[in-house]
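Read through the structures below before going on.
Below are two complexes that have subunit A in common, paired first with subunit B and then with subunit C.
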Partner chain A sequence: MRSRSLAGWVFAGPALIMLGLFFFVPVLLAFALSLTNFDLYSLADFGNTRFVGFANYAELVRTPLFWNALGNTFYFVIAGVPLSIGLSLGAAMLLNGGIGRLAGTFRTALFAPVVTTLVAVAVIWRYLLHTRYGMINYGLEAIGLDPVDWLGDPRSAMPAIILFAVWKNFGYNMVILLAGLQTIPTDLYEAARIDGANGWQRFVHVTLPALGPMLLLVGVLTIAGYFQLFAEPYVMTQGGPTESTVSVLYFMYDQGFKWWNLGFASAVAFALFLIMIVFTLVQYRIARARGMV
Partner chain B sequence: MSSLAVRSLIACLLVLLAGCGRGDDGREVIRFWAMGREGEVVAQLIPEFERLNPGIRVQIQQIPFISAHEKLLTAFAGDATPDVSQLGSSWVAEMVALGALEPLDARLRSSPAIDPRDYFDGPMRGNVVEGRTWGVPWYADTRLLFYRSDLLRAAGFSAPPANWAEWLRAMRAIKARAAPGDYAILLPINEYEPLLALALQQRDPLLRDGDRYGNFRSPGFTRASDFYFGLFREGLAPPLSNTQISNVHDEFARGRFVFYISGPWQIGEFQRRLPPERQGDWMTAPLPGPNGPGASIAGGSSLVIFARSAHKDAAWRLIEYLSRPDVQLRFFEASGDLPARRSVWRAPILARDRYAAAFRDQLERAVPPPAVPEWERIGQQMRIVGERTVAGQITPAAFRATLDADTDRILERHRWMLARAGAER
Partner chain C sequence: MRASRTGRTMRIVLLLLLAAYALFPLLWMVSVSLMAPGEASRFPPPLLPAEPGLGAYRTLFATTGIGRYFLNSLIVATLGTLLSLAFNTAAGYAFAKLRFKGRDRLFKLLLAALVIPAQVTMLPLFLMLKELGLINSFAGVLVPLVTSIFGIFLVRQYALSIPDELLEAARVDGASEGRIFVQIVLPVLIPILITLALFSFLAAWNDFMWPLIVLTDQDLYTLPVALAALSREHVQDNEMMMAGSVLTILPVLILFLGLQRYYLQGLLAGSVKG
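So, the complex of A and B:
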């Protein structure tokens, strides 16, 4: 028995060491950093650094821009995640079912945005979203709607970012869900059909339960990813207009790398970390209560 | 999504590592960081320097302007600063606070090539922090008025305004006869520089008590900010940001606004982008002040030597070379960056340039912003709170109070450092 557990430790050891060295130690150091006032002056002379306890966190709570960034991030997550997963599921079901021989082509086409370079496609999206010459407004005008100043108006900038992010990311979840759909035995559908279930009922009572674990995985990954919104506003809007697209991570980046307030930026990182952990735990709770895992 | 920051950091470190080699031909290698367009242009000037100084080889690293600030700080943290670098004048105080720079006073005093009195006062003063000089202005930069001379004339004014009262009168006249949706002036609300320029025209300093606290409720800043926000309230300026205006040059050509406050790089842009039939219809003018021609922001870039450099003498030779009037002139011809030395402006190409003349005049009245490391953050705060004020969310009085409170908080560490330095003395 002892030798078996030893073998287990030996096999798990390298991974554990890596995890400890490159995850737990940095996380602990970052937490320690968040309890200091490490900033530009500390960079000049480490002797200028002081232990400040939770002062950075208290300051964070008092900073309006942080709450604004948090609000923007929640907006992005709450609107973006269901939209993204819904779109992924819809596309996966279409690929799995109806379109026959074109499925391969469509699968590639829909997955393509995932493998493109974000910065490059962001430039193209900036053209699409252009107020006066953009294709999207051209389309809106064609159906009789007023043009929208997508990236310039504080009300529409975040929806534009969401649209872009969903388009960029939904292909990834689509492939996972497609794999899940293909494992559902067809006799389940047949049985349901014989019992007189219509399309919607088959979807709710066969497809969704069978996809449960997949959806949980996709949900956890997507929420974690969407909370870390950064590159899209960094490339498209630089956080503007009127800070309407500043995310928590963007705020942290500004504090840490622009102003070099590393103590404060670490506190931001930890706050985001805690929020994401809470969200993930809640998801697991809900999933477990419903018997999805 | 956050991997971008990580990747740019790694890329930066790799660039730094690559730059650490020594010359294998026995020449002394100095590493020179130059940013954006200047980095491309200065490469043409280096061969002659290397010919004049056979023992020195210059290794230029071109840094994109948008990430230059982060890269400089990262280089300092990673002990990988270059020998000599271009440095935006608003970053000098920050680099001095880090102890990253070498003071240049002694070298300046004994240099035959550089005469500090030949430099415009504002840009030169921007390099003086804590009583010492840390950089030599490379090119100068300030903001002033670009305007549509035909539309101004049509509104009944033959000359550009020289003071605020005239300016306001002209803007009202322009707005009165403008088509709906057209304005008198464009002040992009995501730029704080126009407001800063107006504020620097006032006698009250922007910070008080030895740069320890914000001074934004002073009579001077009150006057400047009331004037600025008044332009939006009266409908003379549109409450738009730069990103909302698809193309400033097109809109300017269409006459959607008559005045625009911008910098010297805009001369070349206007010449390139305005249609030929509009080329006779625009001009530059010094920024009007409260009572007569006013001050504006002293900006631009300096050349600095890093304290950790092992090649300071060779680096100084490069700075002396790049500061030579004839080299400055060649640099101007290639880049369009305005020379910081008065004597260079006597060259025919500059003396005859009708658009540059106003800049020559304005540079004599250029004032550097406060020399505290936190200034950039205070400026950003001015922009953020200013945007809210233009949007009508808060009043100009609340704007000033908020800005003071924010500035006092931003300067808290600065005060602590000053107090500590005072206690040690």
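So, the complex of A and C:
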């Protein structure tokens, strides 16, 4: 018994030490750092660092670009997540039953964007969205619409990034929701059909309740993922035009690793973390109130 | 019967549209990468190259040092995968089958920590690695990749199915814990180890923000970091940039297609229990 306890520590120890040193300690240090004025001068000599309490957070609240970045991130989350999950659910329902062996092939095709390298596909999409040579504007012209300066116009840059993000991500939740749909007994649908329920009613009264807990999980994970918007604007717009695609993480990256305001940037990171936790808790609250979990 | 047949046709038409949305950008990437310089900068954009050739790839290798970046990515992803397998497999097995004090509480703590976004750790981690002299090194890139709470979870869930009697019998026979792990446990875990290896490789290969922060020397850039830098320099060279994207995406896409079953298994294992 004693040796097995020792063996437990020997097997789990290395991973726990790594996680402790390079994950849990940095999380605590991040909070500590956010309470200091750590900047370029501290980088040269740690002695230049002072404790400033919550001054960075107070500064953050007074910084217009932070509010702008937060607004952009909310825009991305609030428009992108429902579109993304909606398309995942639609695709999963199309794949579920009725098309036989083709389903596997389609599933692979629709899932392919998920495994691709974000930076590389962002480069492709930047080209697809090109104002003059882009395939998307060519398509618009073909159906008689005016070309859009997708990534050059502050009104369309975020929608373009959302279109790209939905393309990249919908396959992930599709696979999860498809697995959920396959557990719903067909008898339930038969019974609903006999009771005279139409397609929409069957969806609302059979499919959605059965998927409830799974939708909650997918929602929580997707929202958390979408809050971490960074590489898309970094590659496609560099935060522009007129800072319309600066996300919170982009702002953190600029503050921390371009201007070396590491104390201030840590406050940005913690603010984002808090917002994400609030969102997660609210979703659980809503789900519980509706009896989903 | 008639209605269900039109229903089936409708489904397939809609799925074909979705598949076009999913695959068109990737297919066009390949097509443009085979075009001659400047061929893609026209309106209307050509669908297929007039004379398919590897010119863009040749320019890419000759002028940008992409071969170097490819090798860097391969080194980082391979080392990351091997280290991830070593750390997470041992820990996952311990959390499933070995009793030690505080084990279950520790595991709950790990699961709770999944809500913390990795970006929170990046600023202090940068300073810590700077003190350790690991900035601008592959070791610095690898540090956050080698242990993953999700990886430990994945292995643990799978290892739970190993019968305790099997391990007890080996202990009664006098086998050491190390020998039990290597001779009994590892062979059983092989399917989940393939899944873990695949996830680790993809995560390391596709990783962007952390390598961008930690690598300052261009010679050490991984493919995504190099590609982001190149795309800012070569805004007009569409054919070459598409060749770079093909080179970056192809390895992970092939790995996924070959090992799809294992990938989806891992994805679902992670979501069912959450």
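Here, the second predicted complex is superposed on the first by the 265 of 293 C-alpha atoms of A that agree within 3 Å, B and C clash if a C-alpha of one lies under 4 Å from a C-alpha of the other, contacts with A are read in each partner's own complex, and residues count from 1 in each chain.
Simple rule for what comes next: a contact is a pair of C-beta atoms (placed from the backbone, for glycine too) under 8 Å apart; a residue touches a chain by one contact, two chains touch by 3 or more.
All values derive from a computational prediction rather than experimental measurement.
Peer 1: Determine, under the contact definition given at the top, whether A:A179 touches first (subunit B), second (subunit C), both, or neither.
Peer 2: second
Peer 1: Does subunit B (first) or subunit C (second) touch A:I124, or do both, or does neither?
Peer 2: In the superposition, A:I124 touches subunit C alone.
Peer 1: Should A:A7 be classified as contacting the first partner (subunit B), the second (subunit C), both, or neither?
Peer 2: After superposing on A, A:A7 lies in contact with subunit C but is clear of subunit B.
Peer 1: Mind telling me which of the two, subunit B or subunit C, contacts the most residues of subunit A?
Peer 2: C
Peer 1: Once the shared chain is lined up, is A:G240 touching subunit B (first), subunit C (second), both, or neither of them?
Peer 2: After superposition on chain A, A:G240 lies in contact with subunit B alone.
Peer 1: Have a look at where A:A231 lands relative to subunit B and subunit C in the superposition and call it first, second, both or neither.
Peer 2: So A:A231 meets both subunit B and subunit C here.
Peer 1: For A:Y133, is the partner it touches subunit B (first), subunit C (second), both, or none of the two (neither)?
Peer 2: Touch partners of A:Y133: subunit B and subunit C.
Peer 1: Considering only the touch criterion stated at the top, classify A:A30 as touching first (subunit B), second (subunit C), both, or neither.
Peer 2: second
Peer 1: Of the two partner chains, subunit B (first) and subunit C (second), which one does A:Y253 touch, if any: first, second, both, or neither?
Peer 2: both
Peer 1: Do any residues of subunit A touch both subunit B and subunit C, and if so, which are they?
Peer 2: 118, 132-133, 228, 230-231, 234, 249, 253, 257
Peer 1: Report the residues of subunit B in contact with subunit A in the complex, numbered from low to high.
Peer 2: 1-2, 4-5, 69-70, 73-74, 76-77, 94, 97-99, 190, 240-241, 243-244, 246, 373, 376-377, 384, 387-388, 391, 413, 417, 420
Peer 1: Where on subunit A is subunit B touching in the complex?
Peer 2: 37, 39-41, 43-45, 48, 65, 118, 130-133, 149, 151-153, 225, 228-232, 234, 237, 240-243, 249, 253, 257-260
Peer 1: Touching residues of subunit C toward subunit A in the complex: what are they?
Peer 2: 4, 7-8, 11-12, 14-15, 18-19, 21-26, 28-29, 32, 40-45, 86-88, 90-91, 93-95, 98-101, 103, 106, 110, 113, 115-128, 143-144, 146-147, 149, 152, 171, 177, 181, 202, 205-206, 208-209, 212-213, 223-225, 227-228, 231-232, 238, 241-242, 244-245, 248-249, 252-253, 256-257, 260, 263-264, 267-268, 271-272, 274
Peer 1: Note which residues of subunit A are touching subunit C in the complex, please.
Peer 2: Per the touch definition, subunit A meets subunit C at residues 1, 3-12, 14-16, 18-19, 22-27, 29-30, 32-33, 87, 91, 94-95, 98-99, 102, 106, 108-110, 112-113, 115-121, 123-128, 132-135, 138, 167, 171-172, 175-176, 179, 214, 217-218, 221, 224, 227-228, 230-231, 234-235, 238, 249, 252-253, 256-257, 262, 265-266, 269-270, 272-273, 276-277, 280.
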